[in-house]
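Common to both upcoming complexes is subunit A, partnered first by subunit B, then by subunit C.
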Partner chain A sequence: MKLLEQAPLSAKFGMAIIVVYVIAAVFAPILAPYPQRAIVGSQFEAISAAHWLGTDHLGRDMLSRLIYAARNTVGIAVAATALTFLFGCMLGFLAATIGGWGDQLLSRAADTILAIPTLIFALMLLTVFGTALPVLVLVIGFLESPKVFRIARSSAMNVVVMDFVEAARLRGEGVGWIMRRELLPNVMAPLVAEFGLRFCFVFLMISALSFLGLGIQPPLADWGAMVRETAQLISFGVPTPLIPAFAIALLTIAVNFVVDWFLYKQSGLKEERA
Partner chain B sequence: MARIAVLIAQRLGLGVLILFAVSLIIMFVVELLPGDTCQELMGQGATPQTLQACRAALGLDDPMHERYLSWLGGMLTGDMGISLANQRPIDELVIRRILNTFFLAGIAAAIAVPLSLMLGILAAMYRNSIFDRIVNVSTLTSISFPEFFVAYILIFIFAVELGMFPSVSNVHADMAFQERLYRSLLPALSLTLVITAHMMRMTRATIVNLMASPYIEMARLKGIRGMRIITYHALPNAFAPIINVITLNLAYLIVGVVVVEVVFVYPGLGQLLVDAVSNRDMPLVQAGALMFAAVYVLLNLFADIVSIISNPRLLHPR
Partner chain C sequence: MTATSPDDEKSVLLDIRGLVIEARSEDTWAPIVKGVDVTLHREEVLGLIGESGAGKSTIGLAALGFARDGCRISGGDISFDGIALRELSEGRMGRLRGARIAYVAQSAAASFNPARRIDDQVCETAVQHGIMSRPEARKRARRLYATLRLPDPDSFGRRFPHQVSGGQLQRAMVAMALVCGPDLIVFDEPTTALDVTTQIEVLAAIKDAIRAERAAALYITHDLAVVGQIADRIKVLLQGEEVEEGETEQILYHPKEDYTRKLVKVRSVSKPGHTDMSDTPAIEARHVTAAYGKGLKVLDDVSVSVAKGATTAIVGESGSGKSTLARAMTGLLPPLSGGCHLNGVELPPQLKHRSKDQLRRLQMIYQMPDVAVNPRQLIDEIIGRPLTFYFGTTGRKRRDRVAELLELVELSPDLAKRPPAALSGGQKQRICIARALAAEPDVVICDEVTSALDQVVADGVLKLLLRLQEEFQTSYVFITHDLATVRAIADDVAVMYLGQVVEHGAKDDILNNPQHDYTKKLLSSVPRMEMGWLDRVLAERAKGREAIS
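Right, the complex of A and B next:
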């Protein structure tokens, strides 16, 4: 608790925003005035007492969709990031633990995937495999995992040469045990910060894909898709498409602020001495 | 020098290998699709006989490695096949579009590079000052913005409210340079805002790192002024990492361009790729993806080579 009080203003602001988003996601059905798929008015209604943010191109309530999207977009981004970490950490630790040819093979495979721009690769894979939600999560998990792999591998490399790992090996522990019980607890700190950053990238990528029409599909509410659906309004001087875009930006900023503070705290001592 | 030549040759070899692997992946992924080009072309009404004839004509019955080789050969010689959606040769479409994309990315880079270098150096010089804090928070904020958010804000302010720029950048080949520039400025500006933040933060980090090194401390102890330390002592050593930063961000720019092109309906390669994806026009998707990947790989390769060349430890081996 004391730690939280010491946090700079930007980090406190970030944490507050994240809490608001989590509440919106969890209690969406209670908070939202209308269901996300219900057509409750005419097309593109202006802001009114019944529709605080107006209605979209099919006459659905914007505010309700904005709240439900917190659940859909953020939920899927968290799932994809978690999958990214599951792939990336497991393979990264594995590469560090077994070394030799296995390590070479995994590292070169990761390099190859990293050599293709992620968004382009994602567009191609989603064209081939379709845009069902599990496919979306899998594709993003697959494409982002090499970045986590590199970090997991390089941090695990430093630990793998320690005496206690050697001791565990001599005790006859298996690769799984070493990865889970010896490596994981010792590389948690950099991985937590990486999780925050990776979440931002994944979240922005899902939004970009949805904006391009290949991410989360209608009728599910999603911020990127909402921008796309209401985009024509902007040329009439109505700022509606900016609202879901702002929702995306705000969450990413909040997470970035918190991660920045976390990284600063980790490196803070070193910088002081220098 | 010999060592550098060997290192560069190794990098080039690796680059070719990666491009080869990328082309293999792009080809293989599409092979996983159910059905083939002929079924897509003829749709539901195709009889087995016409399908057979079409496959024979396009060479789809050949074994996979032969088809891969002829596809790759076509890509290298500029014969990229025919678009399924409008039956036009792909190379015509792709080459015109990619020039437009380079034009857009070029303007963005011309604005972003000097701007971010200046901001980065200033922020590093006045580290922990109010200026540094403001730049830090505002760049962190703009990194967090999705590209389309930046783009729509710019449209809202400059195209709709002020009416200074068009909100749709429909450039075409026979347009005067000034007109073209004018129409591309808003998308270029959105791209600039996105990459300036990255570049500026990396420049700042590089300079801050350098400023902590002993020879800078020595210069400071000799009583040299701040600006002179930066220009005479820090910058020459910062060139290599800074060029690296610029090239990496140009690679990022080439990809960031996709979303911005779609927002502004700019006729670039990104827009073409997205259209091809929504039409499920696989040959065009393959060609577009390969183009993007090739530019991306080449820029990264260039960054690698520049950092090898500009490393004085390699230039003057002991």
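Right, the complex of A and C next:
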């Protein structure tokens, strides 16, 4: 609590925004005035008392869809990021712990995936395997994990050479124990910071995929898809497509504020120790 | 030793009065130097001595008008040659530093830029301050290399830092400090990271250079025997306060304060050597040859044995293969040929082929207690894990056993719920000992376990190890480069040199009657708590060389 009070304004702002998003996602059915799929008006209605943000190209309420989209987009982004970290950290720690050929094999595999443009690779995989939500989460988790792998591996490399890891090896501990109990607690800081950043990228990627039509499928609401559906309104000078875009931007900035603060805290601690 | 007393004709160069330096912890500032006075005359060498945390380095940096990050000079006056340093602007201070006050750090390897040639770095300050042109500075550097007895002074500067040895690099750093002809040099533990045989050479070079350059020096160290060879006066510090100051002779031979007496007396732990080779040795390396990769042999046909309940010290300089031998014994580095036997049974060369029981019987204690315990685990977990792992002890039983072990290593059982960061270096090393003991081992490999600790603390750890050995009949393989430690703890000694055991036998035989040249050199290089020891040893060696030629 004391930590929170000391946080700079930007971090507090970021945290407030994230809390608002989480509330919107969790309580979407209560907060939203209409269901996300219901057609409640005519196409592209202007802003009114009944529809605070107007309606979309099918006559669905924009505000309701915006709130529901928080649930869909953010929920999937969290799931995909968690999966990314599960893959990336496990393999990264494994590579650092076993070293030698195993490390080479894993690292080169990661390099190979990194060499292919992510979005295009994602489009290909989604076209092949279909666009069901679990597939989407898996594909993103698979494609983003090499980036986490590299960070997990290099931070773990610095810890693996420490005497306490050697002491654990000499004791006869298995790879699993070393990864979980000796490495993980010592590389938490960079990984948590990376989680924040990676979340933003995953989130933007989902929106981009949805915008291209291969992400979250209609009729589920999603900010990326909402921008695409209402994109033509831009030519009439109506700000509707900017609203979901703004929702995306705001969350990205908020998460980054919090991550920055976390990084600052970490480096500050280090200076004190030295 | 020409003890130049601070006579009145020489003017005061550095005058520090009532120095208070504070360090930040959490949100408050806590004093780490509490009102210390330092007076240094021209061409005088003052030794600052104390354990870590005594504030000696902090005072040394304050003589440059500098405080480390997270520290601030909050009180007192620092006057250098009549200039009040605390009132100086950063820019004018910068012109003073390097040019008139120079600093030599402990680790030359960390202070040189590995990507640039030594000459460029040595001459940099002189050229930057506009004191000399580059060719002039080079010429001066070459003269300094000669004074510092560096090999081939004309081409030495053209090498890169990694192409010279640690002792040579340390001397190059002294040249860097001297190049502008400073009035004051602050030496911060310049020989601590070096082997004794190298230390003596660097020490002699520093002493000559200070004298030749007619500079004054603050010599900071924790080793009273070292500072006794070089300083005119010695100031003893404890936790940011002065204990006493006096002429070198007075401090070494007639210390007034209890604390100083304790410092003079350290290294007085000793045990009579006893060897009983009739039994099967607890651990034995037989004809071990090992190498990293396909490279040079680091161990060449090494045989060492340790009797049950006894200690064999493995002595040698860095790079002699001491630690590699430990790695071969523990199975981290399977030997190319030969093998290790535990209680007469051959151990599988690879760690992963050894049984849990074999692993349990052979434990290890490391040099750096800071990195030997996981900073993210509580003491309870660090000591308790071997109990669970080897004996399946859990819950209440484990808690009780951890408390017992903590008491065994003379720590409070209350520490169990603390993280290692809350402990001092000596306490952490005791935690490592408790962790090794938890496995109830037959053999403990101690890899330079006291060299990262202050002497008074190290003495305590050695005493503890001796007591535990008596109690549990544990055998120790004691790797060290410090002969005082050998004297204190060993029964047998194996001297290693360039990957081979050159001498192996009872401690008293080897220490009193060394046969191999390297052992002789090593023995004569250990600083003694005597004035004039350095000059005497150097004179003897020079005589020896003359006799040979």
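By our rule, the second predicted complex is superposed on the first by the 267 of 274 C-alpha atoms of A that agree within 3 Å, B and C clash if a C-alpha of one lies under 4 Å from a C-alpha of the other, contacts with A are read in each partner's own complex, and residues count from 1 in each chain.
Convention: a residue touches a chain if its C-beta (ideal position, glycine included) is under 8 Å from a C-beta of that chain, and two chains touch if they have at least 3 such contacts.
Since we're looking at a predicted model, the values are computed, not measured.
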item: Simultaneous placement of subunit C and subunit B on subunit A, clash or fit; value: fit
item: Which superposed partner A:211 touches (first subunit B, second subunit C, both, neither); value: first
item: Subunit C, subunit A and subunit B - angle at the middle CA centre, rounded to the nearest 10 degrees; value: 90
item: Touched partner set for A:239, first subunit B, second subunit C, both or neither; value: first
item: Partner chain(s) touched by A:54 [first = subunit B, second = subunit C, both, neither]; value: neither
item: Touching partner for A:166 - first (subunit B), second (subunit C), both, neither; value: second
item: Minimum C-alpha spacing, chains overlaid - subunit B and subunit C, in Å; value: 6
item: Doubly contacted residues of subunit A, that is, touched by subunit B and again by subunit C; value: 274
item: Parts of subunit B lying in touch with subunit A, wherever the complex brings them together; value: 18, 21-22, 25-26, 29-30, 32-33, 137, 140-141, 143-149, 152-153, 155-156, 159-161, 167, 212, 251, 254-255, 258-259, 262-263, 273-274, 277-278, 280, 282, 285-286, 288-289, 292-293, 296-297, 300
item: For the subunit C and subunit A complex, residues of the former touching the latter; value: 24-25, 69-70, 330-332, 351, 354, 356, 359, 362-364, 366-368, 371-377, 385-386, 389-390, 435, 439
item: Partner subunit C, residues of subunit A touching it in the complex; value: 162-164, 166-167, 169-173, 181-182, 185-186, 188, 271-272, 274
item: Residues on subunit A engaged by subunit B in the complex (per definition of touch); value: 10, 111-112, 115-121, 123-129, 200, 204, 207-208, 211-214, 224, 227, 231, 234-237, 239, 241-242, 245-246, 248-249, 252-253, 255-257, 260, 274
